[in-house]
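One chain, subunit A, appears in both complexes that follow, with subunit B as partner in the first and subunit C in the second.
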Partner chain A sequence: MPSLHIILTTSFIITLVILISPVFTSILYKSLNPIWHTHHIKTAVKMAFFTSLLPLFLHVHTGTELTITNLHWMNIMTFDINTSIKLDHLSITFVPIALYVTWAILEFASWYMKSDPNINQFFKFLLIFLIAMVTLVTANNMFQLFIGWEGVGIMSFLLIGWWWARADANTAALQAVLYNRVGDVGLIFALGWMATNLNSWEMQQMFITAKSLDMNAPVIGLILAATGKSAQFGLHPWLPSAMEGPTPVSALLHSSTMVVAGIFLLVRLMPLMQDNPFALTTCLILGALTTLFTTICALTQNDIKKIIAFSTSSQLGLMMVTIGLNQPYLAFLHICTHAFFKAMLFLCSRVIIHALKNEQDIRKMGGLHYLIPTTTSCLTIGSLALMGTPFLAGFFSKDAIIEALNNSYLNAWALALTLLATSLTAAYSLRMIFFVYMNFPRFPALSPINENIKSITNPLKRLAWGTILAGLLMTCAVLPPKPPMLSMPPYIKLTALVITILGLTIALELALFTNKQRPYMPKQYFYFSTMLGYYPTIMHRFFPYTFLKLSQTIASMTIDQTSLEKTGPKTITSLNLSLATTTSNIQKGMNKTFLSLFFTTLMIIILLNYY
Partner chain B sequence: MAAAYLTHQQKVLRLYKKSLRHLESWCIFRDKYRFYACLLRARFDENKNEKDMVKATKLLKAGEEEFWAKQHPQPYIFPDSPGGTSYERYNCYKVPEWVLDHWHPSEKAMYPDYFSKREQWKKLREKSWDKEVAQLQAETPAGGPRTEALPPARKEGDLPPLWWQYVTRPKERPA
Partner chain C sequence: MTPIQMTFSTNFLLGLMGLTFHRTHLLSALLRLESMMLSLFLATSLWALQLSTINIATVPMLVLAFSACSASSGLRLLVATARTHGSDHMQNLNLLQC
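Now for the complex of A and B:
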């Protein structure tokens, strides 16, 4: 029905206009009003969320999807670049979820950043990030996606370095940029390959023309891009370091939206990868390795934000495993459900940190469930959802992924790593809960702790409702494109639940052991986990040192030494000097010797001539 | 009087304090920490009356090596201490006071009392600057200052040296 398309297009354009307008009003009007951010930006995001629900409901009810191409941007011979927006299941579902989470985070940030003099700029940065993310998600061609991709990277840099006077924050922002840039090399390579071989950056044309080509090279580029953006193993250290930024930044960018951009890219371009076993295996192994490694690192962290950051990285590894299983719908479902509970975990952690006067170490927390019951309840719900507790949001995606993994005939090693990581997820979640709000307080008695502020409880409650209901709603509303395996033996069906409970039980036993009078001698694997696998310690020193040493050698030895000493003036000098020395040495004033030699030679020649 | 070298007492006390802090990082619960802290104190107290400096230095060295082997890889650091999570976080809001001189007259007109007083203080600062510098030059030893502490005013009617930097220092936690 054409009217449905018009409604869909119009409502989406209205959503975009509502989002973009505060950026322009801030340029036109001086945003000196201290509550400008609340009035304009938070309200804009809230309205944009409600407006974006209309396309969502239409899509769920009728299955309408469409692509809007409205501007012919540039043309190079036969290569066209247009601005085109693709409203398919992925973008129509993700945009309302991103806006809902952003609304909750902005309302929370209006309380948390109230004393910041640059709060308007902060909200504007978050809004620009959101616009870049929506551009990325709704892009129908790789050029527009790349614009969104770079946009989210730049805003991540600006927001991590928000407190720019702190040296660690600047280091972390640079780290994020550099690691993302390494991944962007892969994306740019893929873009170039597609432009030259597929002659288009439009997704539909790419999917058709790529069927007969060997796609190993561009797909590896895309996987590298996802590795950089989604903090997979190898390019992962920037994500825990990014916790230097304010917590709304961590909650929005580094848990719910930006870090899933890499996975989203792979889901979007799945038709290029689904018949490529090399690519799928790479994703599977990389994801399994990432999820286990980051879970092991999370087990011994003492900073609450770092625990949640490693938890994010682990879930991103799980999403990559799902891509490797050729289940892009499940990966997308996990992206959506993960956004809710991870954002909620970050907001809860911020309330706790604020209550304890910027104390982030879980060794100095405890006994908080009497003091801030709403926050700790939300933390519990979020952790349970993260563990995959039945019928919360995480269950519908995580359990489905583990079932698909169990029923597949792919790599058993990847399966083992993922199951172990699932068990350890329960372990570190319990460890966090045990030290944060069980037992007795270990913090000094400070000024009264208060969470009875609407700006705190309303966002937490909204995200809690999302955590409880989102998985159910999404699973009931939309049929998966690939039929899941429905019948399997009970031990396979219950694997995820059993190993989660096992992890919980063992973690509880070990946690209860920590306050018993027993001297503790740590082993090497404790140090391995605490030092994050020694990966940053080695990589952040080895590569910069190697490259700088090489560049110093090239600059000083190769260029300077070659041009000045080996081929240039000094060589000429030394050659001339040696010639002159030899020549003058030959003529040392031995006249009698020279004369006798001369006459001897002369006599020999005359005699030879004569005879 | 602070000097360039640490005394033996200072070294032992520093070792004791950092050992306690790392013990606190290992023993998370206070009752367990208190138990092992008492044991540590007893170990230090055993040798506190040692008069032979060679033996005392060897004990200190052994203690430092034991500390190095058993230290916590992520010791607890207070948030506002160097290495902590909110160290230097608010320095970006600490604006130096000379920025006030660059305010537009219309902005200065919003705070007439402060800016009129400020002009008087600036004149006072100009008058006392030479005396402050003279006092510091007279009192600083030849090898350079031993501490960061500034001396008080010595003469009647003088202001303490570098009082302007102290009076106009930014707040610890700028609002």
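Now for the complex of A and C:
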């Protein structure tokens, strides 16, 4: 096929231009119709999706990958920074998926945020977020990636705090920014290390020159950055708190696109890490810990959005485990398939919450299966895909990860934790389904249950199609770069399936206990899970208190008190005061007597001298 | 002793006696101090003139300057006493013994 590179380049640039143009037109002129802008942006994203399919098909057909280096931005002596777009397998596959999910979410948001007076600004924020995400994904040098990284962080802050009059939303947005910032420290350290030791921020040069160096330091910085952005254990509380934002924000940022940026960074820079066993072990253990911890926390949450948030967090832990297994392709596959069903789960949950008049507690839902059948069917499909049901989207990535885990010679403890987390995933998914739409209704009778609106069902149906087909299409289209283990005993091959079914049945039995009139004696075993492992309680109170108290002590005692009261003006006062008090205590007065004595003594001495 | 020497010596002694044996007013003590300073001025300037030593020719000027300073500080204390105690009676200045 002639001029393949020109077609690929041009179509991708057209995609970017279609995405960026609504930002500029909104600045240049305002239309009379207040919601003109939302249709404009949604259509732009739809057109950009269809345009980005062309590079995808070309890549799948011919395996073309290319890098576009546009302009030489700046240089500091021998250190060049360009704007370059790298279209390799990762970015060409991810951009259409992100655009597809965003299209569905924007269509949903045009119904959900219809009564919001600032709906145009909301859509513009989502668009700017999407542009930052595309910048991050297609970056060929670390500087452009950092721009995208910070861009998604800031847009996440603005979007979580969208309803800024609510104190909880502001706290959650601030929490997100702070935890992301801690991770950014790692990224900036890695950037600095690479600038000074590898003399470039271009990925190709970094990969070549890093072969002979000891890469422990920057790689730990990169893992810290991924911990912050992808909510691994230690920097994870911002993700469940980020559910304070509107659901389109949760569906786009905190399930499909932004939180996978950290994992994407590690996948992109995998050549730096794959020969470093320390880094791989760190990723493995961190990921295993995250996935088990957040799954345990999801088991006892009563807010449907928090359950889905914790399920996102545990899938991110699973992606981190995959990176620790030195399988970046599988991690990327899981990123792509996870985007579909997680966004769909968020949208379904929002429809359910809206149908029950903003009731988010699953203990007050029930029996919705006959009332909103489309939504609950999509919820079922999404949950099944999450559990790794064979031949849905989640199966191709999750089962491959579990197989790779079972066939590796790595840390058995991490393996055991991940398997346990997989079965618990099935358990909390079943718990969510059971409480949301099985059995009988537990909500008041007058509820505005309506899902006959096209803007709701069309996105859900599109995402459902994606959930069913995406895994199959991606696995059939591209050969995995690392050969998978193809022969193993049957019990290893069926591990994922067996433990999922085990988790499902045990959870179903436990959930049906509520119908069987057993005496309920509350035990304290699950306080750890309900309180999210006490992690936010400890970290958010103890450490800030210690630091603030220390700084107050330094500022007030060592600086103010020392300079003013111990060595400065007040010392003079207090010293003089004590001297004067002592002296006046000794003095008796009687100055007439003293002076007379003085004169008499003087005369005696003078007269004695003359004798 | 020349008559002039006897004059300023007597002046000094009388001022000293007045300073030590004052009775009621602080102002009288200050006046005595001034007369002592005056006699000292006279003495040092006569010393410089009669014995023709140039080295101490500046001393009378210094004595005058310092006496002016001490007089002003004494007057300030007098005003402060008048403010706090209402008058400059010496018997008021003794806090510990009535």
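Simple rule for what comes next: the second predicted complex is superposed on the first by the 554 of 611 C-alpha atoms of A that agree within 3 Å, B and C clash if a C-alpha of one lies under 4 Å from a C-alpha of the other, contacts with A are read in each partner's own complex, and residues count from 1 in each chain.
What we mean here is this: a residue touches a chain if its C-beta (ideal position, glycine included) is under 8 Å from a C-beta of that chain, and two chains touch if they have at least 3 such contacts.
Since this is a predicted model, take the numbers as computed values, not measurements.
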Margin query: In the overlaid three-chain picture, which partner chain does A:Y491 touch, first (subunit B) or second (subunit C), both, or neither?
Written below: neither
Note to self: With both complexes superposed on chain A, which partner does A:Q360 reach: first (subunit B), second (subunit C), both or neither?
What the structure shows: first
Notebook entry, point to check: For A:Y409, is the partner it touches subunit B (first), subunit C (second), both, or none of the two (neither)?
Noted result: neither
Checklist line | Per-residue touch tally on subunit A - higher for subunit B or for subunit C | finding: B
Next item on the list: Pick one for A:Y610: touches subunit B only (first), subunit C only (second), both, or neither.
Entry: neither
Note to self: Is A:S596 touching anything from subunit B or subunit C once the two structures are fitted on A? First, second, both or neither.
What the structure shows: second
Next item on the list: May I ask you to decide whether A:F24 touches subunit B, subunit C, both, or neither, giving the answer as first, second, both or neither?
Entry: neither
Notebook entry, point to check: Which partner does A:K588 contact after superposing on A: first (subunit B), second (subunit C), both, neither?
Noted result: second
Next item on the list: Spell out the part of subunit C that touches subunit A in their complex, as residue ranges.
Entry: 16-17, 19-22, 90, 93-97
Notebook entry, point to check: For subunit A, which residues count as touching subunit B in their complex?
Noted result: 115, 117, 163-169, 300-303, 357-361, 363-364, 435, 439, 442, 514-517, 519-520, 527, 530-531
Next item on the list: Provide the residue numbers of subunit B that touch subunit A in the complex, in ascending order.
Entry: 24-32, 35-36, 73-74, 76, 79-80, 85-94, 175
Checklist line | Touch list for subunit A against partner subunit C, complex | finding: 584, 587-592, 595-596, 598-599, 602
